[in-house]
Amino acid sequence: MQIGFVGLGHMGSGIAAHLLRNGHSLKVWNRSAAAARTLADQGAEAVDRPAGAFDADVVFCMLASDEVIDAVVLNSGALDQARAGLIFVNLATVSVAFARRAAATMGERGIGYVAAPVLGRPDVAAAGALNVLCAGAPEAVARVRPLLESFAKAIWPLGDEPYRANVVKLACNFALASMIETLGEAAALAKAYGVAPADLFAVMTGTLFAAPAYKTYSALIAGAEFSPAAFKLPLGLKDVRLSLAAGEAENVPLPLASLLRDHFIEAIAHGDQDKDWSALAEGAFRRSGQRI
Amino acid sequence: MQIGFVGLGHMGSGIAAHLLRNGHSLKVWNRSAAAARTLADQGAEAVDRPAGAFDADVVFCMLASDEVIDAVVLNSGALDQARAGLIFVNLATVSVAFARRAAATMGERGIGYVAAPVLGRPDVAAAGALNVLCAGAPEAVARVRPLLESFAKAIWPLGDEPYRANVVKLACNFALASMIETLGEAAALAKAYGVAPADLFAVMTGTLFAAPAYKTYSALIAGAEFSPAAFKLPLGLKDVRLSLAAGEAENVPLPLASLLRDHFIEAIAHGDQDKDWSALAEGAFRRSGQRI
Amino acid sequence: MQIGFVGLGHMGSGIAAHLLRNGHSLKVWNRSAAAARTLADQGAEAVDRPAGAFDADVVFCMLASDEVIDAVVLNSGALDQARAGLIFVNLATVSVAFARRAAATMGERGIGYVAAPVLGRPDVAAAGALNVLCAGAPEAVARVRPLLESFAKAIWPLGDEPYRANVVKLACNFALASMIETLGEAAALAKAYGVAPADLFAVMTGTLFAAPAYKTYSALIAGAEFSPAAFKLPLGLKDVRLSLAAGEAENVPLPLASLLRDHFIEAIAHGDQDKDWSALAEGAFRRSGQRI
Amino acid sequence: MQIGFVGLGHMGSGIAAHLLRNGHSLKVWNRSAAAARTLADQGAEAVDRPAGAFDADVVFCMLASDEVIDAVVLNSGALDQARAGLIFVNLATVSVAFARRAAATMGERGIGYVAAPVLGRPDVAAAGALNVLCAGAPEAVARVRPLLESFAKAIWPLGDEPYRANVVKLACNFALASMIETLGEAAALAKAYGVAPADLFAVMTGTLFAAPAYKTYSALIAGAEFSPAAFKLPLGLKDVRLSLAAGEAENVPLPLASLLRDHFIEAIAHGDQDKDWSALAEGAFRRSGQRI
């Protein structure tokens, strides 16, 4: 099967490498050519324009935002090059409104649309152990599922409407940001009474909160290890903003998400735009006149 | 060793039973006599007044609030009956200010004070599998540790100052309430787009949030199983209020805790005072005009 | 001078009538023709397409949103019909980003752009007593100022950059929404203790808060007179959303605006979309299980 | 008539001076004797102990907090010295719960209790132009009303239950704090776009918000004139805390008050405890990386 791949950032490169290793033929495109060359060294064909990747049976997309996908895919003429029966698999975290619009646009051209946003940071992508949230027309999902398995630890089916996978992805990232804020406020409180953040987190992750996310993030926070960033603060802000927009569109107030949004903006106003989004937790210390 | 025990609610009864089963001699007191009789049937000696329980080497306390402990222990004359060398082990979730004050008051009388608030709901207490947060003077902690082990899954030492265990306990309960709110908002968002709360929670607890607390509470929320309550809503409000008070005393703003406080009050205003505190999650549905 | 006018809702009709009465020649366009006919009866020329109104020296615009102005003005071909030296006066409450973009687009075509958002509800527009916030190139402002005076109580100059008038307009509407929320929470608190909202408001507007906005809105709230709406709830939500977006673009967190946004959404989720935005105050009563 | 007066801070001294000037005989007590001596120079009799002031027909109280009034009045033995028929007029801003408790305690001893919290800063007290919120038994209110008139611009009757005047006072101070926060956020937004706070405030106070409170506070904020403080930040925090407590006691969530509380604490954590409470507005600038 011929596969196309657009968007070779930290996440996309790791995923594409797994597709290659599984023996698939890959046409890859990336805005800056360096990442495409790296994959070409592993056997992929680097193409000059996004349209080149659409001469394929399945196209994967891991671009940064709604706006970038609009520019690179929907408004670039690339769809005119699509093979008959093409399935577009959108791995990116996009807005719910975008997912609806993109699926409709492609549907009018006979292109299948599968939403497959992933849970996991770049190291997990490199290890081929991502959790893939997947929704779309059953026959389209069935066709791409073996491809998803090449880089997934598990695949979570979420029904026929692609946008539902996006809602779940946004909800998960909201929950992560909420956890980071919680860890920050809890640790700022504890520290004011002489309890080291690491001691508090040891109790939490050793008991009620013995979950991967808590362990990973509490270690980053306790050590104030916010650089290099695996997922930068402005990306966290973006995802919370997408949750708020999705909520507003259906009249669902999300006061906790509003609070997170304000704190992300405050962190960026303090110069943290290149830090990992776990630096959101620093805000609770700053607001109380403390340091982690 | 002679042990006293005051406060035989759901938690206290379970803990006292384990002390009994481990062969200790127990003098028990409870405001309503029925719970004391149940333990008497298991071999404890029921005493008429709190002071009766203080003719002991170690007294455990699992009373409901600062105010109750003031009335039953500090202002009842009970301390006048304390044996020389008595150690008072406070299992209750009290304010940080109270812990400081109580430890000081007892210290003036030569009574040791160990803070040992516990993590776990009544079924965990009954199973003798509580996590015990423990702080106090090392020699006092060393003496009571074997007793704590009779009902603990693990003991978490948190230093010499008793109040530090209370801060950590409050931080844990704040984190639980924050998790409940997060689950509620995330599920209200998902449901507005046709994703059942249980489907969202399956993804969360199967991946990033595979923690005991998330599993227990997400099941309660998805099933809207808020009665009978293992921990009632007003108790959740109390603990968040204590976190806020502890924060204010050291100039630590806790905006997420403020949000939780408002939502607890709103839930009580809607008649949820007898529901489990996981019903906090219903608020997100109510505010969006939905039902779980 | 030939004047064009697009957008004849409650506000626009009142303003256009004053321009007419001052002897100006008006070409008017509105989506639904009825409002245009009413003005034609007063002497205006109703045109079929927006472009018809641009055969003029000055065009006033009072359309509902960024999106509508994009459709009716920027992307409709209307600008191709602009007379040389045309000045476009935007009375509408638009986003700061839109004001920047529109001014730039028009500047490229030699069209002057004056931002002149107004403070006042439809009855004030009808009375010709609006406060006009005004910013733009000095010569353009100087030319349109006599026109603004025909419907203004006062004109507030805010500098050469049009978007600054929009920021100030958004800030004023944010302050109004904040006042409504404040009145709601204060009255819900008072009522829970047996003090009627009107009694509280009498003290407030008789002392510290003896301002037009407090008097107008407290009367609406105390009487629960939310219909007919002079300014509907979703428009209030829109303006708060624009404040938040303007804040985010320059890294200014606005936590109070976030709270207002959540409460507007909650009100709409409870079916209040056709009520006046003063109905925001009902939320505080609803959340406390009370009625105004 | 013999009058007693306890509590001679900035507010109390100004009020007591007006009572003296109206020809009343005054026994005054203050913790630090200097303020009492100043009034003695004007003709008052300085007494050594609070009880000395209770040998009177009416006692005015302007002490700092519930705790201080407990210590100085309720638990000092002073009430034992009360003349038959004494009326206690509490000018202080106290909690609703305290007002209820104090009125009940005094009622048991045959002492009348009138709540008369005032609106106005020290300069207004010195000018004898305070707004007095007044509630209590009609006959008691009637007797003290001539005394109140000696320092009041207006007296606002609020019914027979003293605590209602306290609720209204708290609601007014909540509304002031809310206004300060609003001015801060609005100005931080405007400044990020190049609009000076003073220019924004000129529009606001010249139009919708032409009220004394807006004029006074916007001038302080625009000029960053936070010292010397007429009303210190921690006092503002205290009053918001009392509003929240009153709300919680009757199940009224006050999310805007919660937000204010967090911001007051944050300001204190940044060292602003000696600034005027209008410095709350600085927080919006600080959070956005700006300065006023």
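Letters A, B, C and D name the chains as they come in the text, with residue numbers starting at 1 for each one.
Note that in this section a contact is a pair of C-beta atoms (placed from the backbone, for glycine too) under 8 Å apart; a residue touches a chain by one contact, two chains touch by 3 or more.
Please read all numbers here as calculations on a predicted model, not as lab measurements.
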**OP:** Give the chain pair, either A-C or B-C, that is connected by more C-beta contacts.
**Re:** A-C
Original post:
Centre-to-centre on C-alpha atoms, which chain is most distant from subunit B?
Top reply: C
Original post:
If you average the CA atoms of subunit A and of subunit B, how far apart do the two points sit, in angstrom?
Top reply: 38
Original post:
How many angstrom between the C-alpha centroids of subunit C and subunit A?
Top reply: 38
Subject >> subunit B-subunit C separation of Cα centroids, rounded to whole Å >> reply: 53
Original post:
Among the residues of subunit A, which ones contact at least 2 other chains?
Top reply: 247, 251-255, 259, 263, 265-266, 269, 287-289
**OP:** Could you please specify the touching residues of subunit B with respect to subunit D in the complex?
**Re:** 237, 241, 247-248, 251-255, 258-259, 261-263, 265-266, 268-269
Original post:
Hey, which residues of subunit B end up touching subunit C in the complex?
Top reply: 255, 265-266, 269-271, 287-289
**OP:** Going by the contact rule at the top, pick out the subunit D residues touching subunit C in the complex.
**Re:** 96, 119, 131, 133, 154, 156, 158-159, 161, 163-164, 167-168, 170-172, 174-176, 178-179, 181-183, 185-190, 192-195, 199-200, 202-204, 206-214, 243, 246-247, 250-257, 259, 263, 284, 287-290
